[in-house]
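A quick write-up on the structure given underneath.
Chain naming follows the written order as A, B, C and D, and within any one chain the residues start at number 1.
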Amino acid sequence: MKVAIVGASGFTGLELIKIIHAHPKFELSYVSTTTGDTTIEKLHPALKDVVFGDVEKVDLDFISKQCELVFLAVPHKTAMELVSVLMKSGIKIVDLSADYRLELDAYVTNYCEHTDSDNIKNSVYGLPEFHEEEIKKAQLVANPGCYPTSALLALAPFSSVLKKDASIFIDAKSGVSGAGKKCVDVTHFVTINENMFAYAPLDHRHGAEIKEKLDFLNHQNNKVNFVPHLVPVTRGMLASVYLELDSEIDAKKVLEDFYKDYYFVRICDEPVGMKQVAGTNFCDIYVKQDGSTLFLSSAIDNLLRGASSQAVVNANLMAGFDAKLGIPVITYAP
Amino acid sequence: MKVAIVGASGFTGLELIKIIHAHPKFELSYVSTTTGDTTIEKLHPALKDVVFGDVEKVDLDFISKQCELVFLAVPHKTAMELVSVLMKSGIKIVDLSADYRLELDAYVTNYCEHTDSDNIKNSVYGLPEFHEEEIKKAQLVANPGCYPTSALLALAPFSSVLKKDASIFIDAKSGVSGAGKKCVDVTHFVTINENMFAYAPLDHRHGAEIKEKLDFLNHQNNKVNFVPHLVPVTRGMLASVYLELDSEIDAKKVLEDFYKDYYFVRICDEPVGMKQVAGTNFCDIYVKQDGSTLFLSSAIDNLLRGASSQAVVNANLMAGFDAKLGIPVITYAP
Amino acid sequence: MKVAIVGASGFTGLELIKIIHAHPKFELSYVSTTTGDTTIEKLHPALKDVVFGDVEKVDLDFISKQCELVFLAVPHKTAMELVSVLMKSGIKIVDLSADYRLELDAYVTNYCEHTDSDNIKNSVYGLPEFHEEEIKKAQLVANPGCYPTSALLALAPFSSVLKKDASIFIDAKSGVSGAGKKCVDVTHFVTINENMFAYAPLDHRHGAEIKEKLDFLNHQNNKVNFVPHLVPVTRGMLASVYLELDSEIDAKKVLEDFYKDYYFVRICDEPVGMKQVAGTNFCDIYVKQDGSTLFLSSAIDNLLRGASSQAVVNANLMAGFDAKLGIPVITYAP
Amino acid sequence: MKVAIVGASGFTGLELIKIIHAHPKFELSYVSTTTGDTTIEKLHPALKDVVFGDVEKVDLDFISKQCELVFLAVPHKTAMELVSVLMKSGIKIVDLSADYRLELDAYVTNYCEHTDSDNIKNSVYGLPEFHEEEIKKAQLVANPGCYPTSALLALAPFSSVLKKDASIFIDAKSGVSGAGKKCVDVTHFVTINENMFAYAPLDHRHGAEIKEKLDFLNHQNNKVNFVPHLVPVTRGMLASVYLELDSEIDAKKVLEDFYKDYYFVRICDEPVGMKQVAGTNFCDIYVKQDGSTLFLSSAIDNLLRGASSQAVVNANLMAGFDAKLGIPVITYAP
């Protein structure tokens, strides 16, 4: 099955190339960037002699005709321009941007005007553990943000037993690859090495995404207090989630039951670390309980489960393949 | 004024040596370790040609006779054995261990039996911003733990306006030097580099210390949920504190007013990072407010403000010196 | 084809497990450690739900009967004890230790007495670019050391044009995983983070291995000055090789010609970095020429090309498979 | 004694501010950047409440009138424009740029045209162990490059016993702060973390500086092969120097004798690490000898001994102060 990647120059684009290259059923038949006119090897020299192919300036018409599915690894706003055209051709789309993750109002409040709002209702939120059946039938999947992926997988199983008026606190930590390939002050080695700091505390757009999805589940309007931190790690994400429940339950059992049919969530006996999931699509979750208070620690690879490998899981489901087909499961550790 | 350091081989011992060496009024006249029979230069080769002196096997009698003040940088339990003897000689003591930080019951619950419980009441908790006058008169100061220092400096100014039944959440991150000099699995470079994980979640002894000190302040019995993390940084500590207040106040102004006479707490306009305080005794605090919910981020150098430089501030006060005398204030950054 | 791994607890054992698990023709049918009585998942929790299987206390008889090939990822000296027994059964052996890499005299000088010296002549040095045909026929392959692999692949193509009396200088840098899983002072995060130092300069045993193999090639007895450094990187190795030739040649062309039929050596246009080969079996080489002086920079993943994936390439050849079968080629970068 | 810093925004500017602030005899009376109109605290937030003062747009007239000595921490080419004016006023100048380090021909070959070549002969090369008396009398000191400082301190004591026709090999490693504060691809955390690579091999301008200074010492025209590497460390530099001598001497004794009157060079018994000198002006040197071949390992803090603290040592000498006055000697380690 021929697939295209639009936006191949960034970190998530590179991960998509790597996964698709090794995938037994997807064939990487089209790769593009804003400027095109290069090759995969020039764009990502570490893939020399491994992945071959030209990188074109994006041509939607060509994609629609030649490919059955396209991954959009472009910034928000750019994505909606592409989607509005591509949807008409019937091609399947996995959009890694934020453009179709939120309801219109929440999107406008947190991002910008939306010029393709009609397609919001045509999109499915691509968290496979929660929307598998809809994803299978979707033409357009909005791949979740990295922070929402790690946070929701930990907290959603408890949505129905959250204390009604309780606030939720999410203290999340992301590796620097999450800040993108652009060289800016916070991604300078001298700034972030031996360092760590919060950014956009109580104000990050992924907080709104977490809240919206939680509200859909429990209609309780719990307050979500979300604070991300940048940490001196290349790839990896750890979300600490603090919950207060309205009753004492066996939290670990809740998680185990909830995820017993889902391969890509592992419930662990020890506090989880970023490294154990690096290179994989796993979300590893640990829970510690003190009465009706829970501490959940959730680890993902921000570029994989937080973006590219989750996108390919969604593509697998959309294509009628097994969710696990070609998805990386072997850790980089040590 | 002649001072002694007992326990010179660890990281906090090394920092004490460095500060005392540069201090204008304290003279490092006695240094000891468990085994003795070495020199400062052999113990810490980076101090070659800078700090000279023998390192002895500990001799309490000699210390009592030759020195006016002693720093104990030894493990808990060892400290109480030394203190019980040293107190009788009248020498001033700054104990960096946990042995005199807590009330007896809390100590026994969280650590072990206490064989010198009478001296608990003779000790003062050495958080200078809160106990300056008592420290000045104390013979024995219990130097606070690193996590309690970073957490309490952020949350204590709000103790009287905390929502009565609210839980407090503290998500703290410590550099690896906090785990000590001993080579164990979690301090192996391959384990912790590119990694990060919680440990002793909701169960760490410093949580009990934070709770006790908060209870003393507001008698409200707020639940303290404390989760420390080990992070791939050599030195540094960042505590994220989440509070819910019973009213909307101007949180930044509360902090500024509270610390206006205290040099070593800086209230910052931007989220604070570990690196900006590395090498100093500063505690840098940032607050973000969403209605009556607060996010506080508090950064210290775990070995300095979290241990050795705070110990010397306490010693300054006990000796009648200015709190700032000889205390490091110039950051290691970049 | 059923294979066994003896010595599964260390870093190279873990990498072997990961590669064999994903290999299309090798089946991991036996895994052992010194103590046994555990499972792969318990030994390496990051492989939870991915690789299943018991870990036994080593049983040579069982291995000989059940398996066709065995990887020995055990320390030197232990290896020779196992090999002396296993050789008799006819099983194919890839030994990752140093026990069969050197001629007897060099071995004894650099390591210890050899109790299975007869089998030294039965072993083939497993650098596939140099001994492919012999490896194919070998029962016992001595997998090269990590430093010799990176250094020899860079310098061997120039062995015949080296200045007769010239010394060779090799300044090599290894990530911390090369020091093994044991927690010792130099592997403590606080020791090696933000640090870097030489060890065993001009005196490391891998220097003798490089010299012996070079002497076999050019019989010139060039002096090899080898200095390894430990650097704050988890996995990766970079060898700087300085050569003086007896004539001016086109060095890059020499490399390209030499390796044109070998997939796992890539000649690069820009100075090579550790990260571009992390996770792969590639050795990336860059050369800069100033007249008849060469600077060669050679990058490998110390655990893969420097140990485990090279071992599986050797196993592929011994089994009659394509060298590339199941060998990792997709980089971990970013 | 009033001093000025021109170029306060970069890493070396920051280190100068920190050292001068703590210096007992220099008073920081003027600080400027290209744009001015800010404060030290805004430029370097970690100095909040520690170092106060305005940062002006550079005004040479004001500097000449108000200050007795000026540090130029500006790029090459900018420095010569300032020096050509400042020299006339009689003010003492320590120039941290490359503009007056080299003879005119070497400068033009390696950098650019020189518009103030007359002052080259008025400048003294500021390596205090080699030019102390001239520095004391100089109006203009050209502060050495970081690589030449680390390399020359190791190799210069052997200049007279170098084998006549031998090449010298210098394999140097620099922390990322050496690449400056500008955010570019190689300083992006994701690029350099877990990585390491050579740059400008056999072609870096500091190679020419090392060669010129060595030629001055031994008039032998030894070939200097210099290869720098960027390594994942914030601050620190390690130079591996490989020498062949024309006779066997006691190399360690040569070093000890050579530096017996110089405090800031320490000859060490064990291979030296970057961390042991971080935060100090020390150059730590280790030598290993194999007959007449030497391996020298030389460690400095690239921002201090490699730039700012060496500049203040030079300023001390120019001002008639003790070389050690106010110079940092206490390591950042651990």
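As a working rule, contacts are C-beta pairs under 8 Å (C-beta built on N, C-alpha and C of every residue); 3 or more make two chains touch, one makes a residue touch a chain.
This is a predicted model, so every value here is computed, not measured.
S.K.: Considering only chains that satisfy the touch condition with chain C, which of them also satisfy it with chain D?
M.R.: Touches both chain C and chain D: A, B.
S.K.: Where centres are the averaged C-alpha coordinates, which chain has the largest centre distance to chain C?
M.R.: B
S.K.: Could you state the distance in Å from the CA-based centre of chain B to that of chain C?
M.R.: Spacing between the chain centres: roughly 46 Å.
S.K.: Report the inter-chain centroid distance for chain A and chain C in whole angstrom, where each centroid is the mean of the CA atoms.
M.R.: 37
S.K.: Provide the C-alpha centroid distance between chain A and chain B, rounded to the nearest whole angstrom.
M.R.: Centres of chain A and chain B (C-alpha means) sit 39 Å apart.
S.K.: Spell out, as numbers or ranges, the residues of chain B touching 2 or more other chains.
M.R.: Only 11, 177, 181, 190, 194, 232, 234-235, 275, 334 qualify.
S.K.: Which positions of chain B touch chain C when the two form their complex?
M.R.: 11, 176-177, 181, 183-185, 187-190, 192-194, 232, 234
S.K.: Once bound in the complex, which stretches of chain B touch chain A?
M.R.: It comes out as residues 167, 169, 171, 173, 175, 190-191, 194-199, 201-203, 223, 225, 227, 229, 231-236, 238, 240, 242, 244, 271-275, 278, 286, 288-290, 293, 295, 297, 299, 334.
S.K.: Along chain B, where are the residues that touch chain D in the complex?
M.R.: It comes out as residues 11, 14, 18, 21-22, 45-50, 177, 181, 194, 234-235, 263, 266, 268, 270, 275-277, 279, 303, 329-334.
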